[in-house]
Amino acid sequence: MRTRHRALAPVAVLGDGAAVPSPAESAGYIRSLGKPTAAEVLASCRAAGRVAVQPRCGVGGHAEMKALLTTLEAEAAPDILTLTIDSHTRLLRFEEALRTLNARPTDLNGYPLVAHGWRRGRELNEAVAAPLEIRHGSPDARALFDVSVAAGMTSFEGGGISYNLPYCKAVPLVESLRAWQDVDRRCGELAEHGVIIDRELFGTLTAVLVPPSISLAISVIEAVLAARAGVRCISVSYPQGGHLAQDVAALRCIPVLAERYLPADVQVHAVLHEFMGVFPRERAHAEDLILYGALVSRLGGASKLITKTYQEAFGIPDPQANVEGLRLADRANSPLLGFMTADADQVAEEMEWILREVAELVDPLLARPDLITAVAEAFDDGTLDIPFSASRCARSALVPRRDAQGAIRYLFTGSLPFSPAVLRRNKELLGTSGEPDLELGSLLGQLTGDIDYFRHLFRETE
Amino acid sequence: MSSTPTQLPGPTATRKVILGVAASDSHAVANHLIALSLRGIGFGVVNLGTCTPVEEFAQACADHPDAEAVIIGSLNGHVHEDLRGLAQAKATGQIPVPVVVGGNLSVGSHKDGTAHDRLYSLGVDHIMADPAGLPALLDELRAARTCSLAAS
Amino acid sequence: MRTRHRALAPVAVLGDGAAVPSPAESAGYIRSLGKPTAAEVLASCRAAGRVAVQPRCGVGGHAEMKALLTTLEAEAAPDILTLTIDSHTRLLRFEEALRTLNARPTDLNGYPLVAHGWRRGRELNEAVAAPLEIRHGSPDARALFDVSVAAGMTSFEGGGISYNLPYCKAVPLVESLRAWQDVDRRCGELAEHGVIIDRELFGTLTAVLVPPSISLAISVIEAVLAARAGVRCISVSYPQGGHLAQDVAALRCIPVLAERYLPADVQVHAVLHEFMGVFPRERAHAEDLILYGALVSRLGGASKLITKTYQEAFGIPDPQANVEGLRLADRANSPLLGFMTADADQVAEEMEWILREVAELVDPLLARPDLITAVAEAFDDGTLDIPFSASRCARSALVPRRDAQGAIRYLFTGSLPFSPAVLRRNKELLGTSGEPDLELGSLLGQLTGDIDYFRHLFRETE
Amino acid sequence: MSSTPTQLPGPTATRKVILGVAASDSHAVANHLIALSLRGIGFGVVNLGTCTPVEEFAQACADHPDAEAVIIGSLNGHVHEDLRGLAQAKATGQIPVPVVVGGNLSVGSHKDGTAHDRLYSLGVDHIMADPAGLPALLDELRAARTCSLAAS
C-alpha cells in the first residue's frame, strides 16, 4: 500500500521555473553533500566482494517518492537508490508529465524530475544516505541530465543506442548518439570539477530474448563513445537471459571487453539486471527467479544488481514488495554461499563464443573514423540489429530462440556479419538441421514459448 | 538466413486493421507478436508500432479508409493521458472505426475497474485482455457493421 | 504483531473434562478428516523431489493459535503445520499450564494442548488443510499423545532419549524410554486401524555443537525401539551444525543407517532442523543462515525442513516473521537451483567417518537383548553421552569443538567407545597435538567462540 | 581423554553461590558455561542445573548456609510462573540471600520493561543481562552484606 500524503502545492511551470545551476555549481553541491558517489560505492563494493543491490523505483508525487526512498533505505538499505523517470519525461513530453502530475500523480509510471525540478531532486537526495541513479529511457536526455546533476545525482543511465531503439519509434540514431555525446562530455566536464558520474549503459535493450553478444556489442560501442567523450566510470549492464552459464559468461566477458576496447584509466563495472522478460505471476515463482538472478550476479562477478519484485508481472510494485525484493536479492551476498559455483568448462566455452561474436560485430565499426555515422549505417543495413525493436531505426531481422537448455541463440541473423563458424554453432545448438521452419504460426508459437520461458518452467501456463 | 518472417508482408489481404502502441509507450514485443499473428491469419496490418499519438492513428484512418478497427496496445500505465485526444478524434469522425485497447491499463500492481471505466469514457469501444480474442472480436465488429450498414 | 482476539471462556478443568476417545475412534476421526496424513505428505514430497517445509509455531491462547495456523497457511502454505507445546505441559506441569492459560495466555511459550483438550485440537486441525505435527519435549508424553491423536494430529515428535536428556533434569532414562515405548506401541495400534502416525525423533538433542554421530547414534537406537514397537513411519531429524559437507553427509547417512538397522517396511525420512544453536541477531544475517539451512536440506536429500525465523535470537517469533522464514526457506525448492552441488569427495569422506562412529557407538548396544537397559547403562557409564545435557542422566563428559573449517569434532570423548582411528582423526582435525588445553578459562573462551560461531562469522561480535 | 574440565570440581572454594535454571526450563548451555566460568575464578558453585523449582533453591540454601547468592537463569519465557513461589520463600526466610536472575525473561520477540517489573515484585533482587557481570555483582553484594552486618 502506498503511504498517503497531503498533496504538495501544484507545480505551476516546469521545474518551478528555477534556472538550472552551472556544472561547476552542481559539482560543488555534490562534493558538499557528504555522501559517497555511486562510483565510490561501486568501487568499495567490488573491493569488498559484495554485489551492490539497487531497486527500480519511481512514483509520480514528490512526497510519495520521498517516502518510497526513505522506506526502501530504512527497511532494505540498498547500496544505491534509484529515481525511475516517468515515460512522458523520457520522451520530452514534459507538458504531459506536468499535466498528469497535477491532475493525478498516481497515473505516472515514474518520477517526472524535470517537472518537479532540481530543488525537489536535492530534497530527495538529502533524504537518504545512499547515492541515487537516474534510470529512464530518453533518446535525448540533455535537459534531464542537467536537472539530475543539479539535484546531486551521481549516476545516470542510458546511451545513444540503448536509450533509443527500445524507447522510441522515430528518433534517428545519429540524433540520439549526438545528444548522448553531449551528456558524456558533460560527465567529462564534471570530472574536471572533481565529480565522477557513473554512466550506466542500458545493455538490457528490449529485454526480451536479447542474445548476449548483441547486448555487449552495443555496450562496447557506447562505452567507447563515452570514454572518448571523457566519461571516467562506466557500468555495463546485461540483462539476465535465464541460462546460468550463458549469463555468468556474459558478465565475465565485461572486464575482458573493457580491457580490450577501453582505456585503462576508465573504471568499468559489470551490472546484472534481474530477469527483464516476462516474469512468472505466482509469488513463489517470481521469488525463485529473483534469487536466481541475484546468484547469477555473484557468480558472474558483477559489481551491481538491479532488482525486481514479486509484483513484476502485474505493475509498478508497492514499496513493501520492493523492500522484499531487495532483501531476497541481498541473500546472494551471503558469506555462506561460497560453495556455489558455475560449471567452469561451460562458462569458458560460452565466453569464447560471446567474445568472438562481439568482435565480429564491433571490430569493423570501431575501425571506421566516424563511429557515430558507422553505427547509424550499420543499423540501417542490418549489420547491427536488435530483436523486437521499438524503433524503426533497427530492422529486427534478427530472431532469437532458446536452445534445449534455455540459452538464447540466433535463429535468424538477418544481415549480421557473423562468420560461418558462429552461424554453424547457433544452427547446431538450435538443432535446426537445414533451414529453420519459416511457417508463421509455428514460429510465433515457438517465440511465444521462449518469451514465456519462466512461466512454462514454473508450469504456470498449464 | 537473411530474410525473416517478421519482415514478410501478410498474404494478399482482404481485411485490414490499424495497429499501434500508445503515445508514451515503447513496449514493442506484444505489438510485434500481434502483428505477426493477425497477418498469419490473413489480415492486412498497418502497424504504426510504438509511441503512436492519437493523431497518427487518425491519419492512418484517413490513409486506410477500408480499415475495420484501430487496435491500440498500452503496457506502461499511461494509457489515459496517451489517449486523451481520442474522444475528440472519434467525435469529429477522424477515427470512424471501433477502437480496441489491450495491455496493462493502469499504473501499479493492484488493479481495479476504474481504469476501464475511464477508458470507455475516453471513447474506447472494447477492452481486451488476451490478443487471442482479437479475430473473433473483429468478426463480430464486422458483422455488426454490415448489419448497421444494411439497416441504414 | 500478534492478532488480538476476544478471550474464550476460561478452561475450567484440564481439557474441559472431556474423556479422550479410544484409539479406534481417533483413527476413524482421522480417516474422516479428508486431509493427507503427515506420512502421506512426506512421501509425496519425496516423490516430487521437494523438501517439505514446516514452521515451529505455538502460542498459548486458542483463538491466537488458530489465527497463527491459518495465517501461516494462507501466506506461506507450509507442507506440514506444527503445534508447539508449552514447556509446562511438556513436563506434566498441567496445572501450571492451565493457570497461566487462564491468567495470561501470552506468557505461555507454546499451546497447552492438554489444558485446552482434544476438542479444541480438532478445531485447529479442521481450520487448516495441512496435517499437523505435535512438537514438544516431554519425557513422558503418553497423556499428550492420546489427546493429540484424538485431535487428529498425524505426526508426533520425540523419543525416550531425545525428549529426556535435553528437556528435564531427573527423569530416569528407563522411565522415559518405557513411556515412549507405550507411545510407539499406540502408533502400532493405530496403524492396525489404518492410520500411520509419523514419529519424528528429536536428533537435535541439546542443539548446540552436537556431533553428527551422537545425533544419529541416538536416533538409530530410538528408531530401532520404535520399529520394534510397531511404528511404520519414522522421521530422523538432524540439527544443522553449520558445516556444509558435514551436514549434507549426516543427512545422506540417514537412509544408509535405515537400511542397515531398520526393517525394510518402515518408511524413513531425513529431516533437517535449521540451525538450532545461537542465531545471529541482525535480520540479514539470520536470513542468510535460514537460506543456507534450507539449501543444505536440499543437498542432503532431506524429506522435510523445520524452519527458523529472523527473530530466533530474540524470542518466539510473531506470525509475520514466521511466514517470511517459511517463504525464504522454500526458495531452496526452486527448480532453478539444480546447478548447486556439495563437494562430492568431502561429503563421501564425512559420511564414511560418521557411519563408522555411529557403528562404534550403537553396535555394542544393539547386540544386547534388552536395549532399554543397555541404553540406560551406557549413559550411566558414559559409553553414550551428549554435550550440554539438561539431565543428570548423561555425563556431558564429551566436549565438542569446531575445527578450522567449522565442522563439529570431538575434543574430549569421555568414555565413548571410539576406536583409536576415530580418536586420531578428531585430534588431527582439531589440530590438538598431544593433550588439548585443559586450562578452564581458555577452554571456556574457545567453546563460547564455537557456540557463537555464526555471530562471529557475520562479525556481529566485533 | 577421559576426564574433562566441565567435570572438574572448582579449586578449594572460599566463596559459594547457588546456581540453577527455573522450574519449567531445560536450557542447559548458559548454565553449564556460567558454572564453568564462576568455578574458573574460584567460586564454589552448587549447580542445581535445569528445571529447578523454587523449593529446590530453598533446600539448597538450607544445605549451604554459607552461599552468597542464588543465581537463576531462565530462557524459555516462563520465568514468572516458574518463580511464583519466590516471594513467599523470601518472606519466610527460606531464601535468605540475594536472588539474581538472567536470560530471556518473557515470551516473544518484542520486549518491554514490564517483565522486569513483574520479577522485582516477585522478590528478585537483581536482573542481569550478561553473565560476565556476575563476579562484580557478587563482590558488591558481599560488600553490602558485610556493611550491613557490621552496622547491625
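Chains: A, B, C and D, in written order; residue numbering restarts at 1 for each.
Keep this in mind: a contact is a pair of C-beta atoms (placed from the backbone, for glycine too) under 8 Å apart; a residue touches a chain by one contact, two chains touch by 3 or more.
Quick caveat, the model's predicted, so the values are computed rather than measured.
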Practice prompt. Would you mind pulling out the distance in Å between where the CA atoms of subunit A average out and where those of subunit C do?
Written response: 47
Worksheet entry | Averaged-CA centre spacing for the pair subunit D and subunit C, given as whole angstrom | 29
Discussion item. Please tell me the distance, in whole Å, between the geometric centres of subunit B and subunit D computed from their C-alpha atoms.
Written reply: 79
Worksheet item: Taking touching chains as linked, do they make an open path (line), a single closed cycle (ring), a hub with spokes (star), an all-linked set (complete), or other?
Response: line
Practice prompt. If two chains touch, include that pair; go through all of them.
Written response: A-B, A-C, C-D
Worksheet entry | Of subunit B, residues touching subunit A in the complex | 1-8, 23-29, 32-33, 36-37, 39-40, 49-52, 76-78, 80-81, 104, 106-111
Fill in: Residue ranges of subunit C touching subunit D (in the complex, touch as defined)
2, 86-88, 90-91, 93, 96, 99-100, 106-109, 137, 166-170, 206, 208, 311, 314-318, 321, 388-392, 395-399, 412-415, 423, 438, 440-441, 443-444, 447-448, 451
Practice prompt. Show which residues of subunit A lie in contact with subunit C when the two form their complex.
Written response: 244, 284, 287-289, 291-292, 295, 327-328, 330-331, 334-337, 339-340, 342-343, 457-458
